[in-house]
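Pasting in a structure now, in structure tokens, and then I'll have a few things to ask.
For reference, chains read A, B, C and D in written order, and residue numbers begin at 1 within each chain.
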Amino acid sequence: MIRVGPEDFDPGRELAALEADGGEAGALVSFLGTVRVRSEGAPILSLTIEHYPGMTERALAAMEREATRRFGLTGSLILHRVGRLKPGARIVLVGVRAPHRAAAFEACAFLTDFLKSRAPFWKKEETPGGARWVGAKASDEAALARWERGA
Amino acid sequence: MIRVGPEDFDPGRELAALEADGGEAGALVSFLGTVRVRSEGAPILSLTIEHYPGMTERALAAMEREATRRFGLTGSLILHRVGRLKPGARIVLVGVRAPHRAAAFEACAFLTDFLKSRAPFWKKEETPGGARWVGAKASDEAALARWERGA
Amino acid sequence: MKILYFSSVREAIGLAEEEVEVPGHVRTAGDLARWLSGRSEGHARAFADLAHVRAAFDMALCEMDTPLGTAREAAFFPPMTGG
Amino acid sequence: MKILYFSSVREAIGLAEEEVEVPGHVRTAGDLARWLSGRSEGHARAFADLAHVRAAFDMALCEMDTPLGTAREAAFFPPMTGG
């Protein structure tokens, strides 16, 4: 299940729905990402997330299908907010169900890694020093390489 | 935070408390383990979890301290049920907060791996064919080796 | 052809989208970016270093040497930073 | 000394715990298990293969060659299966 929009979400409710719907799976792993409070020592005033409507949903749905196939998931969800968010606000929730814990951990990390640098979102951080687009990190590309080797 | 007992727990509420308490951390990863519905094709009627009171809490607290130190966690919880549980029932919830997602995923997997074979719990599965103690898996020992190499 | 810009590319160009008539010699995403860079100083700045620009045709990521083919929509943006 | 048994070890012995006077020649967890195995058929069965038995002294996991030291409580059980 994919959802992209400005609205906040309730992780407890979303994960409960995934748990209820997960059939015979014994493991549920989730990742919740929130807006950080500081960036390189400076307080963050806001984080604005821009996206490419239409392409975002397609990219996330493709990642979800790939994770389902590759890790044998019995259920999954990806929720991602866009727009202007405050420090501490929820940005993204990824949840996956699988029969065993190893597959569930792998699938959740896989989705989170692809979300970081293969879904059309861009983050702009506002601090007292001004606003700047968050740069892509080399470590995020490195994280993806692990999945390509294992493909 | 460690809790061991027969009572069920509400993962949404527990994770919300961890989220609220997590300070500046941007990532929360959780693992929920539930009783499977089948064991080698046979329906599971119940799963009974025995533990060593006192030692269990000590072992979990030591794992939590080690994960906090090793992965720089800003918050964590380990809840584990004991007693007789039905198929689909919740067994264990592990939740961790860390500044970045990689550390949070690692710490949650670390705790889950140690829980499996270094905390004094034993599972007995009841199927129509009778009851049997669940055997330790070689794959669970192998999972631990990864953390010892990296120590 | 419809061209979309996002994030710092959008800000450099000062447009979120525009409709253009693409000449026949433009065969790839990279050709398109180089051709678009002639449209204004902002375009030139946005496309000055294509190593830092990503492209999509019809909402699918592509490489700078991917042929236009039958694409009806192209988008240019910096490396993505989701999650 | 207080001895606790769990899971299949408890079932084989038919006791969850017992209090024993440990003789001086028992120096390690393994010695203790071998000495306990003389107490009944169930004990003998439970400790027949020490490769499948785990031990703890005073609620801390130990090896079969760990010395008793000042331990006041010992526990024996099969490999753990939590999570």
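As a convention for this text, a residue touches a chain if its C-beta (ideal position, glycine included) is under 8 Å from a C-beta of that chain, and two chains touch if they have at least 3 such contacts.
None of the values given here were measured: they were computed from a predicted structure.
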Along the shortest chain of touching chains, how many steps lie between chain A and chain D? 2
Contact distance in steps, from chain B to chain C: 2
Going by C-alpha centroids, which chain is farthest from chain A? Tell me that one. D
Taking each chain's mean CA coordinate, chain A and chain B are separated, in whole Å, by 23
Averaging C-alpha coordinates per chain, one finds the centres of chain C and chain D separated by a number of Å equal to 71
In chain C, which residues are in touch with two or more of the other chains? 83
Any chance you could list the residues of chain B touching two or more other chains? 33, 101, 112
Using the touch rule from the top of the page, what pairs of chains touch, sorted by label? A-B, A-C, B-D
Could you list, by residue number, the parts of chain B that touch chain D in their complex? 33, 49-52, 54-55, 58-59, 80, 91-92, 112, 115-124, 133-136
Enumerate the contact residues on chain A facing chain B in the complex. 10-13, 15-16, 19, 22-38, 99, 101-102, 104-105, 108-109, 112, 139, 143
Which residues, counting only chain C, touch chain A once they are in their complex? 4, 6-8, 56, 59-61, 75, 77-83
